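Just passing along the structure, written as C-alpha cells.
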C-alpha cells in the first residue's frame, strides 16, 4: 500500500539515498536497520514528508503522491513517533496530542476543553495509559511520554480514511524492559489499523517485532530479510560489511582490577529526591556498572561523584580525599571525567572546533598565565584524531557537524587526553552504530588496562553484563545488590531483572 | 561565488558598500582625514559596544552600560582633583564592580541579564545623581590636560582616541582568541551545559564577562568625560541603543558564541557611516530616524549569518 | 496545590508575584497610611492602564520566546494617528470620531504584522527586527507631526478618564476588559495555546505540523493591536499625542512582565502575570513618592525591588541556564 | 553639476555689501578654483548652514528650527539649505554630527547649536574652531567657557535667565493661592541647567511668602506622562494640602492638568514655562495662570544669523563687546490679561524679524554667580 520506487536524495557533497526501493503492506511491521550515516534518518524524513526526494516516486495505493511538508504526509495517514522528548513540556498532554489539529474542538473561535479532554482520553486508552489528559507533560515519566507520543500519532486513525503508516524512531531507547514489552504488545494489536516502520539500534528488538527488515548501508538498501531468515550476526554483517567480532563486548580483554587502589568511595550518601544511603567503592582498573530502571537514581549517583550535585548526608572521597566542596571543577582537578548522556547538550559544544572541544576541560594545561598555546592544542587534537580514528576533516572542523560516534570519541578524547583516571560514562554508546560502539568498547578496555576506574551506566543490560567487573543494581534510589562479574561467571539478565523491578 | 563562503565576510562588505555609496555622492567623504576623524569620534561608543560584545557573546545583554558610563563621568569629574591619574583606576574599578554585581545577580540569583543589568543600571544612575548633587560637573581644564590630555590629542591627522580604540580592540581580541577566558566565554555562549559538564566554572566566567562589559563601559565613560571635560548623570544618554545596534549589525547575534570584538569594530563603523550618510544624502530632519530604522533592517538582514542560528526567535 | 490540598513549593512560586504585590502594599501603607485608599488605587490603575496593555501585548511575544522592542514607536505612531483620525472624523465621539477607534486597532494590527513579517520572512531575530521597526515607527511619527502636539478635546471621549464607576475611571474598566480578552485568547483559542507550543519547543511544534511562522506573525499582529489599545488609553489619559507619547514604555513593560513571573525564555506565565507585574511596578513608582523617598534614590530602589521580585518568583530548580 | 550652478546664482544674489566685505577680506583669487567647481572657493561667501538640536518631537525645538529656517529664507535660500543635526539627547551624537558636518563642508560652516549637556559645549566649539567654522550656541555651556577666550570662531552664546521669570511665575501663583497654602514643584531632568534655575526661582519667591510651604519638588523629566503620574502620587501624599502647582515647563503642566482632571479637581492655580502655543491658549482659557515665552523662534533665527554673518565677515566678533557675545534671550511673561494680545502678536502671525538686528530683543549680558 505504501511504496518508494527508486527514491534518490542528494545534499551538497552527499548522495544520501541511492535509488531506494521500499514497500510496506497493510498491517505489516517493517524493521529498518543500518549504521549511523547509512541513510535511515534521511529515508524516514522522506517518508514523513520533511524532505522531498530528488528522484523516484512515492506511491500510495497505486497513486503517485508528493508531500510538501510533514502535515501533508499526516493528512495521508503517515505519522512519526519521534525519539524521546519530542513533546512540548509546558503544554498539557491533550494539547500535545492535538497540537496543530485543535480546530476540531473550536466552536466560534473558542476551544472546548472538555471535548478535547474526552477525545484525548480516548486516544490515551488506545495506548493503555490512564492519566489525566490535563496533566502538564513535564510531570510525566519518559515511558509515559513515549506512549503519549504514540497516542498522538494514533489520532490519525480518526482523521484519515484507510490505512496508516506509523514510523517509530528508536521508541525503546528510554524504556525499561517491561515497558518495551508493553509497547510491542500495543504495536502488534494496532496492526489491525496501521502499518509500522520500526527503527532501532537494538537488533534483538527489531528481530523480535518486525515481519520484514530492510538493511541499509551507504544510502542504499543492501538486503531485505523476512522474519526468521537470518541471524543477528548475519544482519550485522550486512550492515557493517564485515563480520562482527564474536567477542562483542571484548570480554576476553577483561583483566582483574587492582583492588588495593580505591579511586572513588561513597559512604552513606543521600541526595534530595529519594536517593538514600548509597555506599560504593571504585578501584583502579575496575569497570563498575550501575544498573536500574530509568529514574532509579543511576544518573544522580554519577552526577554526585562529578560534583554536580551536593549530597545531604554521607561522604564522598576521591582517591582517599574527602570532598567538601562539590563542583565539577573540583572533580576534574582530581582526575574525574564525565561522558554525559545528552551528548549534544552536555558533551560537545557545537560551534566550537574539535581541538577547542578536546581541551575545554584542561585549558589550564595548555596555557600559561591564562594565555593559550594553540599550536600545542592542535597538535594534541591531531594526535587523538588519529589515535581514535575520528572522522573529521581536521582538528579545525566544527564539532557540531561530526556524526554521533565521532562526537562521542571527541568527548572521550577530551578526558583521556587530559589524563583523567576516573571516568563516569552515562550511556556512552547511546545512538551509536555498531562500528562506533565497538570502538567505544575497545576504549573502555584500553582505559581499564591503563588503571582507569570506570563507572558505567550502560545502554542495555547485555552491555552492562558484558563490560563490567562489578554490577550494582539500583532501585528507587537505593542499592539492591552487588554482583561480581568475572569472565565466565557473569550474572544472567534474569539475575539483574529480579532486583531491578 | 559561493554565497555560503561569502557570508562570514558580509559585515565588512556591507561597510565598504556603504562607504562607497556615500563616497559617490560626495567624494569629500572619502578624504583620509575625514574618515579618520569620523572613526575617532565614534570611539567612546565603540568602547561601550566592545564591552557589550562580551555580554552578548555569552548570550546575555548588558543594559547597564549607559548608566555605568554616566556614573563614571561623574566619578571622574568629582575625584579627578583628589586622585589625579588614579581616578582612572577608580573608574574602571567602579565599572568592573558593578558589572560583577550584574553578573552575580544573573548567575547566582538567576535573574535574566535583561532585567538584572537594567536594575543595576538604575542603582548606578541613582548613585550618579547622588554623587553629582544632580548637577553637571566640570573638570579643572588644566588638570584634565595634565592628566588625560594625551587621550584626546592628535598625532598628525590621527586622533589619539583611535590609538586607544585600537589598543583596546587588540587587547579584547587577544582575550577572545588567545586566552582561556576567551575560550571559556565562547564555550559558555555556544553550549553552556557542555561547558559546565567539562568542569568549567561557568558562573565565574559569566560574571567576568559582565565585569569586562562594565569595565569597558567605564572606560568609555572616562574617555567621554575627558573629551567633554566634565560629567553629569545623564550625559552619556543615547549611547545604549546605538551600541547594541553596533554589536548586532557587526554580526554578533544575541544567541551567543558567534561573532566577536572584530565584528563589533566593523558594526560600529557601519553605524558611524549610516549616521554620517544622513548628512551627505541631505536627509530631512523629520525623516532621519525612519530612514535609520529602514537602513538598519537592511544592514542586519545582510550581515547576519543565519546558518549559525539554530532557530530565529 | 497538590492533590492532597497541601501548599507546595510550586504554588509558592506561582503565587510569589502576588505575594510581593501584597507585601509592597502593606509596606507602603505602614510607612504612609494614605497609600491605602481607593482614590490612590484609582490613581495607580490609571497610571498602569496603558502600560498594562503594552505589557499584555508583549507577553504574547515573550511567551513565544521572542522579544518585541517596537512598542515605543508603535504606541506613538498609533496614538498620533488616532488623534488625527479622531479630529478628522468630527473631533467628537458622537460626530464620527468613534470611527477612529476600530481604525486604529487595525493600524496597530498592520504595523505589528509588518514587524512580524520582517522578523519571520527576513529571518532576523525579533530583538533586532523589532528594535529597528521601533525606530521606523517613531520616525514615521515625527514625520507625521513634524514635532507638534495633537490634542483631543471631546468630553465624551475624555470620559474614559473623568467618568468614574465605583471610584475607578472608565479607562480602568476598558483595560480590564482587554485583559479578559487577552486571557480568553490565551486560554481558550488555538492561537493562544500555539504561543505556548512555540515557546515550549519551536522545532517540536513545527514537526507536529504547526505553522510556526504564521503563529509568530499572528503574535506580533496581536501585540500590535494591544499597543494600539494602549495608545488610545494613553490619549484618553493625557488628551494629546506627540512623537514621544510612547517614550519609556519599552524597558518598563518588559520589566513588569518579567517581575510578574513570565519567563523571558518563553512558554511560562501569562496574562495574569503581566497584570500583577504591571501593578507591582506601578505600586512601587507611586509608593516611593507617597512615602517621600528622595527622588535620586528612586531609580536604584526600583532596580533593587525588581530584582527581589524576580528572584522570589523564579523556580530555581526548573531553571538551568539563565542568560 | 546643477548644485554648482545653483550655488553660483545664489552667490550672485548675495547682497552687495557682503560681497564687498568678502572681497575686502582678500578672496579675490577665487576665480581659478571656481573654474574647477570646488565648493571651497566660496569659503567666506557661502558657508553651509546647520542647526544642531535635540529632536523634532517638541514644540520648543520646532520653533527654534522654524526661526533658523526663516533666517535662511531671508537670505534668498530655501529651507533645505539649512541642515538639521539632531542629537536625540545624546551628547556623543551631537559632537559626532557636528564634526561630520564640518568635514563635509571643509570647515566652511555657520552653525547654531545647543550642545545638549553643558560639558559638551567645549569640545563642540573647539572642533568648530579647529575646522575654521563659526558657531553660536544656546542654553548649554559650562561657566568657564567664554566665546572671547576661544576667538572669532565662537561667535556668541545665548541663554535665558530662568531664575527671575520663574520667580515671577511663582509670585503670580502665590498671589492666586491667597499668599498661603502648599505648593509642589515638578521639575525637569535633574542636572539640566534650566531645571535647576527654575526651581531656584521658586525658592527665591518663597522667601517673601512665609505662609506658603514647598511641600515637595521632584523631577518630571520635562515629560507629560511622567508629570501626570508624579502629580497623582503627590495628591495621594499631600491631598488637600496642595493649593498650587509650579511646573518647570509647559509639557509638565499638561500632565498636571490631566492628573487633576482625573481627580475632578478644577481651578487649581498652576503656572508653567516656555510659552508654547497650547500653553498660551490654556492661559487664555484660564487653565493656567501664566507661562513664560522665551521666543525660541527668534533665538533660533538670530543664533544662526550671528554665526552666518560672522562667517561672511559682516562683523568681527572679537570687536564686539562681551555683552554681545554672551547675552540673555528675551523672556515675556504671558498672563491671562495679555495672553490674547500676545497670541495675536507672536502666534497667529509670526512677526517679521530683522535678522541683522542681533541684539535688539536680547536681555543684556550674562552674569555669572
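Order of writing sets the chain letters: A, B, C and D. Residues in each chain are counted from 1.
Assume a residue touches a chain if its C-beta (ideal position, glycine included) is under 8 Å from a C-beta of that chain, and two chains touch if they have at least 3 such contacts.
Since we're looking at a predicted model, the values are computed, not measured.
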According to the touch definition, list the chains common to the neighbour sets of chain A and chain D.
B, C
Based on C-beta pairs in contact, work out which chain pair has the most and send it over.
B-C
I'd like the Å distance between the centres of chain B and chain C, where a centre is the mean of that chain's Cα atoms.
30
CA centroids of chain C and chain D: separation to the nearest Å works out as 36
Report the inter-chain centroid distance for chain A and chain C in whole angstrom, where each centroid is the mean of the CA atoms.
43
Whole-Å separation of chain centres (CA-atom averages), chain B against chain D
32
If a residue has to touch 2 or more other chains to count, which residues of chain B qualify?
129, 134, 193, 286, 288-289
In chain C, residues with contacts to at least two other chains
142, 146-147, 296
Of all the residues in chain D, which ones touch at least 2 other chains?
56, 190
Set of all touching chain pairs, with the criterion as stated earlier
A-B, A-C, B-C, B-D, C-D
Would you tell me which residues of chain C are touching chain D in their complex?
32, 34-35, 37, 39-40, 43-44, 46-47, 141-142, 145-149, 151, 158, 161-162, 169, 234, 237-240, 242-245, 247-248, 285-286, 289-292, 295-296
In the complex, go through chain B and note every residue touching chain D.
26, 28-29, 31, 33-34, 37-38, 41-42, 44-45, 73, 129, 132, 134-138, 141, 224-225, 227-239, 242, 272, 275-276, 279-280, 282, 284-286, 288-289
Sort out for me which residues of chain C touch chain A in the complex.
184, 188-190, 193-194, 196-197, 199-201, 204-205, 207-210, 267-268
What residues on chain D touch chain B, complex-wise?
56, 65, 80, 83-93, 95-97, 99-101, 103-104, 106, 117-120, 122-123, 142-144, 189-193, 196
Please name which positions on chain A make contact with chain C in the complex.
50, 69-71, 74, 80, 82, 86-91, 95-96, 99-103, 106, 109-111, 113, 152
